[in-house]
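The chains carry the letters A, B, C and D, assigned in the order they are written, with residues numbered from 1 in each.
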Amino acid sequence: MKSISLPKEMKALVFQAKGKIEIVKKPVPQVGPNDLLIKVTTTTICGTDIHIKKGEYPVVPGLTIGHESVGTVAAYGDNVTGFELGERVLAGAITPSGFIAACQYGQGSQDGVGEVYGYKATAGWKFGNIEDGCQAEYVLVKNAMANVAKIPATLTDKQVLMCPDILSTGIKGSENADIVLGDTVVLVAQGPIGLSATIGAKLLGASTIIAVDGEEARLEMAKKYGATHTINFKNKDVVEEVRRITNGRMADAAVECLGLNSTFQTCLRVLRPGGKLSSIGVYSEDLVIPLDSFAAGLGDHQIKTSLCPGGSERMRRLMQLIENGMIDTTKLVTHEYDFDKIVEAYELFESRKDGVLKIAVKVS
Amino acid sequence: MKSISLPKEMKALVFQAKGKIEIVKKPVPQVGPNDLLIKVTTTTICGTDIHIKKGEYPVVPGLTIGHESVGTVAAYGDNVTGFELGERVLAGAITPSGFIAACQYGQGSQDGVGEVYGYKATAGWKFGNIEDGCQAEYVLVKNAMANVAKIPATLTDKQVLMCPDILSTGIKGSENADIVLGDTVVLVAQGPIGLSATIGAKLLGASTIIAVDGEEARLEMAKKYGATHTINFKNKDVVEEVRRITNGRMADAAVECLGLNSTFQTCLRVLRPGGKLSSIGVYSEDLVIPLDSFAAGLGDHQIKTSLCPGGSERMRRLMQLIENGMIDTTKLVTHEYDFDKIVEAYELFESRKDGVLKIAVKVS
Amino acid sequence: MKSISLPKEMKALVFQAKGKIEIVKKPVPQVGPNDLLIKVTTTTICGTDIHIKKGEYPVVPGLTIGHESVGTVAAYGDNVTGFELGERVLAGAITPSGFIAACQYGQGSQDGVGEVYGYKATAGWKFGNIEDGCQAEYVLVKNAMANVAKIPATLTDKQVLMCPDILSTGIKGSENADIVLGDTVVLVAQGPIGLSATIGAKLLGASTIIAVDGEEARLEMAKKYGATHTINFKNKDVVEEVRRITNGRMADAAVECLGLNSTFQTCLRVLRPGGKLSSIGVYSEDLVIPLDSFAAGLGDHQIKTSLCPGGSERMRRLMQLIENGMIDTTKLVTHEYDFDKIVEAYELFESRKDGVLKIAVKVS
Amino acid sequence: MKSISLPKEMKALVFQAKGKIEIVKKPVPQVGPNDLLIKVTTTTICGTDIHIKKGEYPVVPGLTIGHESVGTVAAYGDNVTGFELGERVLAGAITPSGFIAACQYGQGSQDGVGEVYGYKATAGWKFGNIEDGCQAEYVLVKNAMANVAKIPATLTDKQVLMCPDILSTGIKGSENADIVLGDTVVLVAQGPIGLSATIGAKLLGASTIIAVDGEEARLEMAKKYGATHTINFKNKDVVEEVRRITNGRMADAAVECLGLNSTFQTCLRVLRPGGKLSSIGVYSEDLVIPLDSFAAGLGDHQIKTSLCPGGSERMRRLMQLIENGMIDTTKLVTHEYDFDKIVEAYELFESRKDGVLKIAVKVS
């Protein structure tokens, strides 16, 4: 094991009870032979973290939360090669082991398909879910060789801060739409993840990119990220607007970026026969597929869902797209806080006030 | 136009009113430059025809019904080449035009994505739906070059009678499951279409093929067609049986072959995280996706539906599989009737008595 | 049949003998029930036309040459619907029938896989190859429903003139590279087709786009179309430059855009193990795959070739990408000539002088 | 670390010099935290081993050779879970790390695409290539979690002995042919790997399976494994026979299973336009693509190569296909030897006498 000089204790934000999160002192994690310890420089807050705070998504009290961070190498085990102490790195929100059947067959996010993690969906998501997370001074990355990616010297923390989760998730939303060159794609909801999906649609060959939201500011942002058309669902019938824009052809693909039954159904209804629905929202209710929206099962429809893709190679690719100017997510980072004020940052994020999209939390 | 000597009139089975079908006299169809007229030798009855008879699926009164037939070339137009009068041919139940956008992009069954057919799902299905069908002495195939396939001399009508619809549909069910070599596939409902899906799973590289039904006779038939395991849902909990058979891994794919909410949900529940659901049932109710069966949208699930693939090349390929011994659907043809008794044949088929699976109706 | 008032004769550029092309008078084509006649407003000259002129690619003397045109509807047959006389349209250089097996299975450019066209590669290419072409006052499009696409009112002839061939071909070059988000793609040769491939790589999610050519002006153009790096093979070792740019990883994909053994081999040598080679060049010599460049057949390499994709839906999609600002090929049109001077235009194009890339030839 | 009682030394077959292999004593390998030690019960000899023996494929003198084995768990490290001492297991010939970029993006056999193994093709192949191999009493499997698979209790060593290499390789040959249901596939050369490819073509939905070889005995075996037609190239012109069998359509796909320029060219020449060539042969010369066989680059051809796929999930799937009766490779095991006579077994295998296909070498 190699290591910089490490303190015994560190500050970490933990879930204590429904509605209660706080910064506590914890021991700095032990580093095993396959692990790498990141000294966190910047972290951020995700919508899922809010669900966790509220107790809507259950985690063990005392768990360090957060799954997005940027930092430097503080220590690594004997089986970890190719890194140097102090160099800038990050890991995805999802950290596949690399060795489970799901990983071997291209579905690393579903790392739980095997005996090790118990055949459980989403078991690839460990940080702040089943292991200590990223909103802390240090975070331990297991199976480091499969997960830790170097940050190009030219990129700032702010430029890469969206890679671990929302950029990877949002773009996967458009990847799962199986866009064929020239497709018309409708993206429903334009929060940070929806905007990332819009970035993805632009990157993947869509010709007509229709962004849907209820906030004009978000629709304006969508245009900056590549939307060719926008629909404010508060003023317009989304299905009829799509019909008008496409001269009756309707959309080839739709991406659900929120997690409601109603937005899911909107996605179904804007599709042409043979259309593709990609869902990246996190639902908290049963979904209903209206018979007519589905051509009674005879419409050659396709629905795909996904969890955020992780792994070091995914992260390297996203950062390379940023470095070469194809993606710029800095516009999504609307606020900055010091780690000691992270509880306040949660409150702002939860309130959706002040035009907040994403918050950079500076740790060191 | 070339033609054998044709009568002026022919017998045809038409939908008259809810619950009423009867054989009537109709003019033999006119043959346009792109058309081919088939003299029907054998036809059959589909579950969809029963829905039409009952008025559950609306068609225009007076329409000749039926979408499956085998016959010989009676006439063809000036733009049709490569055929000879009297040679044995068939056409798929679905007859894509070949020229609509959907056809150009690989979704011929959704022929309605364009101005010609009105952007309507399932518009590729014309016989007995929006045009006169196959339960008649003659049937007109439009866009003949894209749809009429020659029958190998070695094959009988009975051997190829399932090609136009249920074999093509059932196999598509397994094709849409995107089977990867060695996948475990669960096929829910083992009527003629489900059995065809089982044939497909065997043909496409599944290692474990689990057939589910409530009738032992159908499960026995499933074993003959390749099922490695069967589950009678009347005796067993399907999800738990799949768990047991797979040592907890659950299924990689499931094929819904009936068209009920409950069977659709069973398919969802037998899947592993990252699993694939292919649906070929025709539904008559809204579908509900229970939240837990869907990992809240985070399970990397995939759902695909389809209408029967048609077109002459699809038909040629199915017949070649039959000719080379990969497929034998004659076991599905349990009864034979003369065309004059087709109304009785409908009654038997509807009753599901006497072990009926499919009925060969001899026309000439 | 509907028609505007048509003259009996028209001017057409024909191949007469090796090295000799000239404008002659020909009858305006007869319009059959599935045909549409285009009154050509603008046409252009392709590298293949030069091969034809030189006699390197054999066509029948007297054939009207050219396969790219933009125009208006002059007449159409009884089976052709959805068009109005006088409206602006174009057809792809390749005009698949829509009904041959290859069309039904997604390879319309290989329309010759069947009895009608004789099982011949490239039989989808008819204009100026096996039927009268586009460098004329009128051009007949057979199987019009599958091939004629309307031009959006907002777009000029110049904006859409590259759609029929080089834009479709070049982008297919990048599509066939099976680009995965974030791939590094090397594009070898940056003439009009190579530049179109560069446009494609940018559209399809490449992160690092490395354009290779021997002319600085073309490399400058490549940068405008999305190249992140350029290599002038006259000054640099291409393989070593790719190694340097990629920090030793080498390219995920390479696109051959010229048609020489040497450029084909360069493409092989810049690939990483598991890399993908897409070839759109037209070769005139046997190709040699050096053993070491191919890891003795153990490198998980992939090589794909293609002919230009045609069909009305392909054309519609390309035009929609142009209309929505994703593509602008007007920079490729460097010169303009009147049709009466088309023989001179050929000479300029052949000479590669005066920075010529593509020439717009105004017909009416 | 857990371990059975282990000796200090073991017998191992090593490459000593060009033409010289011999059994020597070596220390039993040390077991690290991610490793699993297999006590070999049965091993076998591969064509590649003959190349190594002859010095045609270079390995370090003293290296234990062989890459195929079946055995029991003798020891495993602290990070290895889910196994018990003494249980029956095997590992693929190729042992991907699971964590390199290539592994994360679905190309584990090309494990060398990254800094750890030096960006080298075939770096996923470690046994008997860059690390000690399987023709020994014990073999060490690194990255054991990604590579060691349990053997179902119902299967004998002989039944699973082909899984590590030739079955996985041969089937990959047919997987890489991207077989679409009903395809006509030509398999050139029917040694053990070619026969495995034939098994694959049958498993993956081919309708017409044409096996080509010069030995009647192998062609007879091909028929048992699913070939619908055979061609002895000594008596017939392969291209013309394929034309005859397919009524002029030619093959949709061809699989090269030997590694010669001539067989590679035969594969190209039997393809229809738009056809797919999958190559699994190991070449020792430059390959030449004749211009006419390639339609000058305009034929929409596809060529794919591959190295044997490994990993524990691949092995599990192959064994499940065997357990469920879809595959039986025991007919390929024509001879049996004790490990002490393995040098003689090499001689027999090299001589191709006595109808030898594969030899089971019993170790313990």
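The rule is short, and it goes like this: contacts are C-beta pairs under 8 Å (C-beta built on N, C-alpha and C of every residue); 3 or more make two chains touch, one makes a residue touch a chain.
Fair warning: this is a prediction, and the values are worked out from it, not measured in the lab.
Participant: Looking at A-B and B-D, which one has the bigger number of contacting C-beta pairs?
Facilitator: Most contacts of the two pairs: A-B.
Participant: With centres defined as the mean C-alpha position, give me the subunit B-subunit D separation in Å.
Facilitator: Computed from C-alpha means, the inter-chain centre distance equals 39 Å.
Participant: Could you pull out the residues of subunit D that touch at least 2 other chains?
Facilitator: In subunit D, 101, 105, 115, 316 touch at least two other chains.
Participant: Take each protein chain as a node, join two nodes whenever their chains touch, and name the resulting shape: line, ring, star, complete or other.
Facilitator: Here the contact pattern is complete, since every chain touches every other one.
Participant: Under the touch definition given earlier, write down the residues of subunit B that touch subunit A in their complex.
Facilitator: Per the touch definition, subunit B meets subunit A at residues 101-102, 105, 107, 109-110, 112-115, 119-123, 180, 248-250, 259, 272-274, 279-291, 294-307.
Participant: In the complex formed with subunit B, which residues of subunit D make contact?
Facilitator: 171, 175, 181-184, 200, 203-205, 207-209, 228, 316-318, 320-321, 323-326
Participant: Mind listing the subunit B positions that touch subunit C in their complex?
Facilitator: Counting only subunit B, the residues touching subunit C are 32-34, 79, 81-82, 96-101, 103-106, 108, 115-116, 143, 145-146, 311-314, 316.
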